[in-house]
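Multiple structures are listed underneath, in structure tokens.
The two complexes that follow have chain A in common; it is paired with chain B in the first and with chain C in the second.
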Partner chain A sequence: MSEAGQGHRYFLARHRLADLIDVLRGAGGRARTVIGPTVEQGAIVYAEIDTAADLPVGWRDEQAPGHYRLRREGDERAFAYAVGPTAWKRHLFPPARVRMEVAAEPGADGTRFEPTQPAASATVLLGARGCELAAMRVQDRVFRGGPYVDDHYADARDAAFVVAVQCTHPASTCFCTSMRSGPGVEAGYDLRLTEIADGFVVEAGTDAGGEVLVSLRLDPADEERAGEAHAAVAACAETVTHRNRGVDPIRARDLDMYPEHPRWDEVAARCLACTNCTMVCPTCFCSRDVQQSVLARPDGTVERQWDSCFTAEFAAVAGGSFRSRIRDRYRQWLTHKFSTWWPQFGTPGCVGCGRCIVWCPVEIDVREEIAAIGTSAPESDAQDGGERRGDVDLGPQALTTSPGGVPEPPPRTGTVERVTTETSDTVTLRVRTPPGLEAQPGQFVLAAVPRVGAPPISVSRLEPGTLELTVRSVGPATAALCRLGPGDPLGLAGAYGRGWPIEAARGNDVIVVAGGIGLAPLRPVIDAVLADRDSYGDVSVYVGARTPDDMIYSAEIGTWEQRRDVTAARIVDRAGPDWLGPVGVVTQLFADTAREAASTVAFVCGPERMMQASVDALVDSGMRAESIWLTTERHMECGVGLCGHCQLGPYFVCRDGPVFTAAELGPYLGVEGI
Partner chain B sequence: MTRGAPTVGVVKFASCDGCQLSLLDLEDHLLEITGTFDIVEFAEATSRRSPGPYDVLLVEGSVSTEEQAAEILELRAQARTLVTIGACATAGGIQALRNWADHDEYRRAVYAHPEYVASLATSTPVSSHVRVDAELHGCPIDRGELLELLSALAVGRRPQIREDAVCLACKRRGVVCVTVARGIPCLGPVTNAGCGAICPAMDRGCYGCFGPRPEANMPSLTGSFLASGGTRADVARLFEGFTAYAEPFRTTVSDLRGRGPEEDADAQQ
Partner chain C sequence: MEQESGEVITPAHALQAVRLGAGLGEATREKLARVGQILVRGAGAVLFREGEKTPYLGVVISGRVGIRTYVAGRGDVTLSTVEAGDIFGWSVLVPPSRAHATVWAVTDVTVLGFPAESLRRVLAADPDLAAAVYQHALSALGRRITSTRLQMLDLFGSPRTTEPVRPPGALSRRLADVRRGAATEEPTS
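Presenting the complex of A and B:
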């Protein structure tokens, strides 16, 4: 046989499957763990395989919406089934792993955040199907695409030797041919097997795979066997395409254009929000970080666990959940899979494996939902009309990722220098910036208290060597931050996100509109503009708050009001005993002033409804939505685009924002449940 | 005990003591617990008694007698943080099945001298009587969740106890769905996580002992059970367990049975 065997087809007789597994376990002198299909708990799951006898030899599966059964056929075939409930992500992105070790011990260096180092052992993934390899490529883009990467995933992926098996026995729920992910396997394998009557046609996709073939001393597959293998996969494709319901991925990409389609309510009435679809999905990647410590011990860990966009707390912030209804969550899940995944990662998030259909206890079939919403949507419902989709290549080449980026960094320890009380529940911490932390106005940090949490906090002032964080106590983690005093350590991760385009605003009139604690992320804008006052045109600052007592930086607002080169005004929803100023909403302060569209830039932050009203008023006064910048709040868990929580339409607020233009946010601002 | 350590009381009403024993079951951590908290009232463990006040009061059991209905008001006044533990305290317990039945008939059937038994017509959760700050679900509670509650109180974090479905923990654990793969009715989709999906891991359906999730979609799940061939009585039986009286299981049981329970004891007061 040829040296490495790549590009050639060999024949592995059925009785030599055991030899293949032996070689895989010990190939190259290193012990590998073989994970492969086996019958457990009434299903074919992926678990550790010791011998060929562990494989599901002679078993067949029967799959339909909400239905999975095994039956014994009694023949010799080992791979005559479609994918079961386990996805390979279990081994590449495990359900729970310790991400960081933390400590809160006394002393200067007592506060520590140590990321755990990846240490994946060599593993063989035996029996991966075409859709599953496509799913790995999808997750490669999520976890390795940058700018921040999950180094544990990357390590596990690099340590995996992939033995792909082409599908010959599809289930009724398979729609791989729709998503161009199977049933054949075209890329991403070390070895590729196709099962035929008396054994397997085997090909190597890498040198490592070729070495395995060499050590097995296989004969080339004859024409008849090669033809049988080819025909089996072709017949499978034919069955999936013509017997099964499919999905048109290009049409499905438009799902997010119909957020008010009545079908969302209908499917929500059936959906249990049980999370099963997301747990079995091979591409779902969302996670939560769980703080773990025992009683009063100073040490603890942060464990990253699988999460789901169907959970109650997934999109929750202190004020409540952005997706409080099941309808909102189902819509988020389906539109993410088929629509918003495209702008995020350049592919759909679905590979057509059908797991979410089979393992839904109430038989919800995404193919039916997509057909109902995508084909029956009235034209007038479309939120952004017109043809926005070009031709898309879904083939394996299009899905190949380009690894890049740096591992998610741990918090660095900073020290509180000064604490200023702003209101009854809000303080400003002035923190000596830890070395290596750089921040821009508009960015945020994760402010970490060991064992308690790491809420995202906007930077509210930047000076050489220090930064300020204005924190409102709205839960235990922010309360812990508010309890810090001078000299106390805290962790700072970041700074993250896209900041305010202050430089680009030079030469323009500048308007700053703040609501409540929304003034905090805007203060660095005001600082920067006033420090370089001559570079800007007219500067206006409008501040609203619920009551005078809720107004942060009150004395500082007074200094802005005193300046002749700044127009500053404030307003409250309800007056207090000493309030002599206007009462009402913040837009009252500026709505009547006409603006020069070409030379005015606005920076806005506050409650979402207030920002929406401000955008409307500014646009009415002549401004363009592209020149109005907003900063948004969403649930941020990781800060670097890996955990999935902070999605807002196509955006990850942590990575693509938190600062956006009103034009970018237009379709999403103020839409309930997005 | 540390000087100035938060005081903890453990008290019970109508219950089996199993949840309190979960605290003693934290054997490896008992010394640390007593080093972190000052346990001033815990009849299963100490002869110390305290009428309060308590920084933390763990309350087991349902309110089943008039004395208990009065006592819980007093205890609430003495507790800075009141945490109910277990299905009896959080949902009324298995004894709340009497709320759908004739109380006197039950008493006569069980006791030789029913006239000595002074119980209310209903068994109700503590939250029907007083404000509750936190709940630990389960029959019995999960000792890991209890340790997390105490640990979170010790360091001032939000207890990492979420409103998840059992399914989330079940799938993380790698358990194959018993409903889909075996046709076994399972209450996992509508039940609070916290148990670690013990029952599905043992090849049986969840029977809901951690109680209904706040957003349980009952019509969908019961509709699915009925469509699979269960009679209304069969499906009602699935929910008539330790947490039947907690909404929305309560309404589901009543709808399926065609009759409602007695009103809450607090409504009678």
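Presenting the complex of A and C:
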């Protein structure tokens, strides 16, 4: 065994490749499914293989922007290609999987949300390239590196035996050396193969890999073969480096500094938003949860499917999409890959495999785009990017995760106790919370209605054993929530997100600015402050609404107005004949009051444009942006930072927010397309 | 006019207490106050009507004044309100000095009014005073335009607007500020 340990090179003659596959399929008495490269529909894809004959022996790939062709070379080489359209994520994070079974039978316990349990079978990933192993490490960070993990991905990853193949035949679209991900394979493999003229130089990276080599009874690779293997990888690296001299991923880290670069418009004019690049990308991880049901049955499933930030629906909330233009979506994708991935996960989101270039039907080449935007920013748009310089490291050490997160929890069933009609389209549900659900002011829950969906709803009141959710009917899911009555079951997942820093506000003057239903997430702040009134300085509550009839918690606002220890005022955009209060925008209520910057904390919630006006007014009155807290809305599917939908610049709103300071959100607040 | 305390409000006192007067030197303020008049109106009273010659520039001393217009089928629609300290009747400063809306007392109000002719005369005689009054009026108008735009967006009716809200380049500048660790200016107070 020790002879086959790590660091020793062995020679596998070409005719014994079949033996290797046999051993892989049954090594150690375990039956493994071998997934490897094979030719299907004119491309080399990863699929289940039975024998060495299934490998793409004698095939070469020709790859260029928007171009992929296979050519039969006729030799015996099995791995003389770069990468095909399928990435390993198809097997580790499949395009669709059932995430939950949802029961919706009558009775107290009739509504249940049961997560499917991971049950990955032992699998061999045969033919993984350096860039692909880097992609796995990147996805490890996404799916296993946070407080919540995708346990199906983790299970599939743990069940995988990786046979890496070092690249010797790069495509013109490869830029792995720029991203430091290849063509060699440094770690993360059980076995490492390098193809040479008469076979393979093989090394074990793990004990499990060593066991396979022992079973094969291989001879050590002689100096000549070892040298041939080393030279082939080195030549490949030189070729890739030479072709990509202008590709600078460090400089590309600053891509998000140029959101108004004209190049975004130029590339958007070509981009079809077809989603191909995200589908073939080995690191793209965005997903959506789709409700599946049969009309005649009350139960159903929730299926997690790949999603793409290039679709119009991806960033949609009720009333519109935050990225309505293709320009916005391309910018989001490219800046995420090269810029904002860094603060989220500590690495770039690109590994240089070139798939997005090859499979783009209009030949958009990310290498050209990052070079054009990163090096030719117009003067007015230019920033000093020097301060963010660092080094790309997609190596195993940099990407080691320390698993410790918990699986994404399913909703637990609560019961509606009371429904209060707030306005013509808004109700407040008082819900008896299921055991274990704890929430802080400013956090949100996913409120799940079987077969309909689970929209994120801010908690609008917290009391022992119950919480309140104020819901505006703006779409099918919220409409279903608004139709619930006393006694109805309701799924609740969470509570999630960063809440309001109420404790930190102690001793300070407190200003609460709310617009429309934005008062809902702020009401727990007001509750908490009034419950401990002496711990705070002056307390002011300003509420704006469309009309007097659209004002939620109207009677409660009246009680705040009555208090001598609270300054409370409300204003409407449109007055009715009976309205004798102020008419205008909410900033009119407080813009003229000077603030003590060091001792004032503001909490603001409403439409983004209103929040922006409020922040401007508060800053103009002397406040610091760091002391102004906002809560913001984005499309959310998972609530725990795994689905990718709620990105706002470097943030995941669900995980890093929804409460942010104005200093954090300032550059992005109310900006179209971010 | 007497306050509840029994103290008589004079135009000079009233002007001193509001932003318009606070920005003026004492002598200038007195000059302006001399043409001012204290007006008291009960809730519901119309101060002046849309289409009429604007009779005076007003400053709300107490109470709430409404700006409204008549829309056939909808009746009188209050577009905005003016609170204590703010001005109304700015059209008196600009020919043809016609009121663009009806001004009415939403609550009982006390108003410091500067009649049109007297005001024009005193402003024509003192360019510094004129500059101060015009600047104040322009500032109030700017705030009102901004508010009106936000109201027009109907933000609470629709969850969001699709209009860009920052001019090109502004985002980049703010990004740069944040990256440099200077997201906000030093406090001004």
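Some observations on this one:
By our rule, the second predicted complex is superposed on the first by the 652 of 674 C-alpha atoms of A that agree within 3 Å, B and C clash if a C-alpha of one lies under 4 Å from a C-alpha of the other, contacts with A are read in each partner's own complex, and residues count from 1 in each chain.
The working rule: a contact is a pair of C-beta atoms (placed from the backbone, for glycine too) under 8 Å apart; a residue touches a chain by one contact, two chains touch by 3 or more.
Keep in mind that this is a model prediction, so the values were computed, not measured.
When the shared chain is aligned, no partner comes close enough to touch A:L467: not chain B, not chain C.
Of the two partner chains placed by the overlay, only chain C lies in contact with A:A663; chain B stays clear of it.
Contacts of A:M257 after superposition: chain C is touched, whereas chain B is not reached.
Legend: residue contacts after superposition of the two complexes on their common chain; A:S293 is shown touching chain B, with no touch to chain C. Using the contact criterion defined above for the overlaid structures, shared-chain residue A:V267 touches neither chain B nor chain C, since it reaches no partner. Contacts of A:I370 after superposition on the shared chain: neither chain B nor chain C is touched.
By the document's definition of touching, of the two partners only chain B reaches A:A477; chain C does not. By the touch criterion given at the top, residues 40-43, 45, 66-69, 85-86, 90, 95-96, 269-276, 279-280, 290-297, 305-306, 308, 311-313, 326, 358-363, 451-453, 475-477, 479-480 of chain A touch chain B in their complex. Chain B makes touch with chain A in their complex at residues 29, 32-33, 35-36, 147, 150-152, 154-158, 160, 162-165, 167-168, 171-177, 179-182, 186, 188-190, 203, 213-217, 219-221, 223-224. Those residues of chain A lying in contact with chain C across their complex are 256-260, 317-320, 322, 324, 380-384, 387-388, 474, 515-516, 544-546, 550, 573-575, 577, 579-585, 587-588, 591-592, 594-598, 606-610, 612-613, 619, 622-626, 633, 662-663, 666-667, 670-672.
Those residues of chain C that touch chain A in the shared complex are 19, 43, 64, 66, 75-81, 83, 85, 106-107, 143, 146-147, 150-151, 153-166, 168-169, 171-172, 174-176, 178-180, 183-185, 187-189.
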